[in-house]
Amino acid sequence: MHEVDVPPAATKSAGSLRRVVSAHTEEFLLAGVIVALIAVGGFLSPVFLSQYNITSVARQVSFDVMPALGQLLAVLAAGIDLSIGAVIRLAQMVSILLVERVPLPVAFLLVMACGAAVGLVNGLLVVKGRLEPFIVTLGTWTILDGLSLLVTGGRGIAANVPDAFAYLGRGTVVGIPVPTLIAALVVIIMSVVIHRSSFGRQLFSVGSNDLAAHYAGIKVARVRVTVFMLASSLAALTGFIMAARTGAFQPTTISSGGAGTELATIAAVVVGGARLSGGRGTVIGALLGATLTGVLFSILVLAGIDPYVQSLILGLIILGALLLSASRRSKS
Amino acid sequence: MMSTAIELQALTKRFGITKALSDVSFSIRQGSVHALVGENGAGKSSLIKILSGVHQPDGGAVRLFGQDFAPKDSAAAQLSGVSTMFQESQQVSNLSVAENIYLGMEPRIGPFLDWSRLMKQAGDLLGRLGIEIEPGRPMATLSPSEAKLIEMGRAVSRNAKVLIMDEPTANLNQAEQQILFRVLKQLNEKEGVTVIYISHHMQEVFDLCDHVTVLRDGQHVATLDVADTETDGLVRLMIGRQMEAYFPTIAAPAQGEPRLVVSDLAHPARGLDGASFEVARGEIFGIYGLADSGRTALTNALFGIQTGFAGAVRLDGAPFAPTSPTAAIEAGVILVPEDRKLQGLMLDLDLLHNFSVGNLGRFVSNGLFEKKTALEAANTHIQRLRVKPNNAYALVKGLSGGNQQKVAIGKWLNRDFRLAIFQEPTRGIDVSAKMEVYEVIKSLSEAGVAILVLSSEVLELMGLCHRVGVLSGGRMTATIERADFSEHAIVSAALPRRRA
Amino acid sequence: QTYQYNTVPEGDITLCFSQVVMNHPFRVAMVESFEQVVAGMEGVTGVVTDAQGDATREIANIESLIARGCNAIIVSSLSGRAIYPAYREVADAGIPLIIAASGVPEEEGIPYVSFVSTEEVSMGERAFDYIAARLGGEGNIVQLQGVPESTNSILRREGFNAQAQYWPNIVTVADQSGQWLRLPARQVMANILQANSDIDAVFAYNDEMALGAIQALEDAGRTDVFVVGMDGQKESLEVIQSGDLFAMTIANEWRMDTAIETAVAAVRGEAVPQRVVLRVPMITDDNIDAHYDPEAVF
Amino acid sequence: MNGLSTLRNNLPILILAALVVVASLLSPSFLTWNNIINLVQYNAELALVCLGLTLVIISGNGGIDLSVGATLGLSGVVVAMYGEFLGLPGSLIVALAVGALVGLANGLAVTKGKLEPFIATFILASIVTAITLLFTGGGPVLRSIPDAVEAIAGIRLSGIPLPAIYFVLTFLVGVVILRMTPYGRHLYAMGASSETVRFAGIRTDRLRIATYMLCGALAGLAGLLTTARLGMGEPRSGIGMELTAISAVVVGGVSLYGGRGTMTGAFVGILIFAVVLNLMNILNLSAFYQPIAQGSIVILAGLLLSRRKSMFLKVA
């Protein structure tokens, strides 16, 4: 997405179009797959393309896209953030606890601060503590889930959500769910940050070769800490809006099925062409990767397919997509 | 003696759009030492990687001792009697020396490793080669050049009929080179091993080899008897044009206040013991030193990679003690580091990115990266440095060593600086790339930049520098003016001195 | 707020079932029962979704079911209040909502057409009462909770501990989680046995864990302890029948017939009871024959 | 310098020793023979899984296996389903084969498919779990398990339950593999520099595939043991185990970057977690503290172990 506007002065436009297409074949392929799926979905079930279902899938996908972009940041800088799901849950809990007690903007800021604080801790442990991001965030993941168990005593909590807050999660603007609009905004901002800003360049440098980045004068440690803070903040934002949607929070740990989110975000960015060892990946890819799963899920549910077969099909399709793009990449 | 060991028939190899080899045909006589020369990117390594089973050709065929030879991996090549010492370092740092030598061919008792026999075999082999390294030593404790000798030990241990050496001397000092040459001669003359030898050092070709094949741009140019050729002719064949003066003519440096003043820079633990010297504006100051003389420590101090040095550094009169590369760069210092792949480049990103990271600030407005400006700048550098391919979107990992080095230098050309440090600026790069690097250094000097060149090639320092300082044991033991340059003077000042 | 819902007096209908998680036998048995019962009904198609324990996915699933045009939706959830917005969406869409095997207190004002479920709190109370009676009001007990944050674990615990207040001489000496599963329960129980020699009874919040606890007791050669479970799964009944350790289980309702019948009635426009509290029997060696069905799926 | 790194290399064992001391001070029941045997025997499955995982991680190139838990589940239910027909030897072979098959898929996806191990094994894990659940309909497999199979978990040798012995055996086998076989040395070498190993004439793809297969087979074995222990096939018995296993191995000093770490370390890691959880049960600490304890161990041990020379910069 960042390379769409090559200045014609530098490259012949025909060549540049070819370059854009060839540099982003994966994204195009993925978009193609999604369009095909939507067509299949519409064919299999007429309600798939109903306003209600589109709205519902769009809202759902928004909750997957925002944390996936956080994961993308971590992955681009050669890290990984396994704590994203736990931060979402933490943010949900804090939102529910706060929303009846303090004004909405204050609640929002506090929730975001929680997210940023977790990111700061993750980042500092990686940079100062010299720990591998995998280890750090695996640790914070379990600790945060433990914390929300302690705070809630394991029980679900609920709040009488003020209308303004509820609107963020449940409202629509000209038929488009508010969470989707927020996610769209996040996508735009993140594509500027990642692909257009100087920070983005630093991010790719660090992910590609941190030592060379250091020798080129880039403040590697600062970039890494910022990345973790941004990733956690996006997770916190997601949790805040989820809380607005549900008005309640139910603590989860790995044993009750909470392991899905963190790994799903990673799958989404990798399906979207990112490389876990850093330096490669795009916002549009992550967006498409997250969308693919959401769309697939909706189709499989609508088609009334057995839940276990659903997981099997989903796994096989993702595996196929990954193998396809890997083989394409190794050929070029 | 006159039969053919290897015959290449119209060998072709492509990497994406790059044609590394096109229709290369020639033969190598059994029992000969056959040199392979050519500029960076000529295709030498690609060729030998096909022989070693690392790459498979896209066209053509190879015959080994009259048999079809198409190894699908290194294991297959070794089974057929071809063993290789690659250009890139091939060491396993977390194992012992002995395990490195016999990697994949360890003596066994049943399914188990026979440790004692392994150690003994390795000891015997090292003894026979005259390499004094304990077989039980962890590989990580070896210097890069010692490690290279162990790699040679590995290649030799395979009892190959064909031994390939790709730029084996690039990292070795004089004494170590002698070991390598001796082993090579012994294997070739006593055991009849056929040797393929790649080097950028013409002298080695003439000293060691019987035949030489010249490659240029992936094509076979000539295969000659070494006895029938001389350096100039060979170089002409390699670069395809007449070679002008090797080193640029250097004007006398501007006089005046020195730009860089280093006084008593010391950090005993890191091997600096009170080094002092000055560099003027526009002066190219060479620094020569043997292994462990303190060159790296000096660079680290000046570029803020390490801190905690005693003594004083002044840059244009102001005290200078950078605490990070960022600080050094902001003060107007740049570094072209010795390990370009590890320290200098983002290999899997494109030229545009690599050129712009040297000064991201220049391409930013309102926090946004101005790609258009950066692209223009990158294209300018590509033209100026004659980088191949001339495509700002090419990934750096696909470039040859010389071209990568140009990128490592070029990233700094987007900013103004006062002091430039070049560490081994021409290591492993070919004649014409070298000349281009020298040209850049010269033009920087003409622009008033103070330049430090740290090199282990005496001739290079003599050709390029206004003055050469010699480091030994962490001190500047001599500073020699251009008029007084002699190989002897420089090398003898570098020899370890006795402790006071 | 009053909700209108659409009825289909005759013709084919689709019944949908949103299951929160299918990670233990009880939950799976519910789904199997649903499928079996629906298969036996003319003109009724069944659709099942599994949220894999994730409340967000549960909401998404329910929305898909709404989009799909289900004529009635049965929900079984362990997600507490996090799932309430989805309940409201079902009602908003004019689809009859039936709650099954989920603790939804009456006063929460959820717009369900019918609540067909057991009373988890009272199940906890009854378990305690049984233990207290059998111990004669005095003794040391162990609690093995399920996944501590799941609704049913919390409600059962609430009932159990509420009764315990009245019995000061019955002391919970160890209170740990066996994650609803057999192996973790067995390991935790083994550890507990190391630290506590004086144990008289174990209350496991479901049978899987009760069976794990029994294995640990057998390993340790303990015969002086009895175990109480919950769910009444087939295997437990066999164990109750054949030995002394497993004393009692409360037969949680996994059969979906009532929920399905209620749903169909609502779709057809018939009046349905708003709250059906399923009565679940305590099963001991004494009445086991009345409850043991070797053909049952659970 | 040297002293410091020796200290660091032995740190996991020191942490374990300190934990044991603290535990026995906190509770007299901790350091009893029975408790220790228990502690060890209930970690036999984890030990098997950790052995395989350690090999995969040491082999480098991002090597990791997130499918071990899923594999354990699949092999466990297959054995439960056909145990009666297979008998003990048959069950053993089938458990190993099922695991090796999943490992083969992992290995192929990583080598030939060129996928990053993290993602490849994660997706395969979800596929394997789906297959397991389809296969069993989600519920436990309640077929009668042959006595011989149940015996492998149930029998005691002079009072010591077999699983405790497996734990120790697994450890010994791991040590032998890593220290005394060319295969083990090649894994280390591959972890440090895969290309060098390949150029030296070792078929690294095969080695990698074999390692994933071995890891899978060990998880399969763990599945058999679980089924033997439970007397039934529990399709979800391995869920989440991969994360516990990775945490344990890493806490024991095995580097996720490959090439570094020892089998002793890995097992010390297992024991560190085992001791803490055991102690929490003994002290009757609320289950709510468990995740916090686990996460803290991971981070604290990581901090203590972290080396100045890591993949990350010296930049502070």
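For clarity, chains are labelled A, B, C and D in written order, and residue numbers in each chain start from 1.
The working rule: a contact is a pair of C-beta atoms (placed from the backbone, for glycine too) under 8 Å apart; a residue touches a chain by one contact, two chains touch by 3 or more.
Treat the numbers as computed from the prediction; the structure is a model and nothing was measured.
If you average the CA coordinates per chain, which chain's centre is most distant from that of subunit C?
Ranked by distance of C-alpha centres from subunit C, the top chain is B.
Go through C-D and A-C and name the pair with more C-beta contacts between its chains.
Pair with the higher count of C-beta contacts: A-C.
Centroid of subunit C to centroid of subunit D, CA atoms only: how many Å?
Centre-to-centre distance between subunit C and subunit D: 33 Å.
Roughly how many whole angstrom separate the Cα centroids of subunit B and subunit C?
71
On a C-alpha centroid basis, what's the spacing between subunit A and subunit C, in Å?
Chain centroid spacing, subunit A to subunit C, equals 34 Å.
At what distance in angstrom does the C-alpha mean of subunit D lie from that of subunit A?
About 30 Å separates the centre of subunit A from that of subunit D.
Scan subunit B for residues touching two or more other chains and write them down.
Counting only residues that touch two or more other chains, subunit B contributes 324.
Going through subunit C residue by residue, note those that touch at least 2 other chains and give them in order.
Touching at least two other chains: 22-23, 148.
Can you tell me which residues of subunit D touch two or more of the remaining chains?
133, 138, 288, 290, 315
So, with touch as defined above, which chain pairs make the list?
A-B, A-C, A-D, B-D, C-D
Which of the residues in subunit A come into contact with subunit D in the complex?
Contact set of subunit A toward subunit D: 80, 125-132, 134-136, 138-147, 149-150, 153-154, 210-211, 214, 219-221, 224, 253-255, 259, 263, 266-267, 270, 275-277, 306, 308-309, 311-312, 314-316, 318-319, 322-323, 326-327, 329-330.
Touching residues of subunit D toward subunit B in the complex: what are they?
176, 180-183, 185-186, 188-189, 191-193, 195-203, 259-260, 315
Applying the document's contact rule, which stretches of subunit D touch subunit A when the two form their complex?
Touch list, subunit D to subunit A: 62, 66, 109, 113-116, 118-120, 122-124, 126-127, 129-131, 133-134, 138, 240, 243, 246-247, 250, 255-257, 288-296, 298-299, 302-303, 306-308, 310-313, 315-316.
Could you please specify the touching residues of subunit A with respect to subunit C in the complex?
Going by the criterion above, the answer is residues 45, 47-48, 50, 52-53, 56, 60, 63, 149, 152, 154-158, 170, 242, 245-253, 255-258, 260-261, 297-298, 301-302, 304, 306-308, 310.
Can you tell me which positions in subunit B touch subunit A when the two form their complex?
Of all residues in subunit B, those touching subunit A are 16, 303, 305, 324-326, 328-330, 335, 337, 342-349, 353, 356-358, 360-361, 363-364, 367-369, 371-372, 375-376, 379, 392-393, 411.
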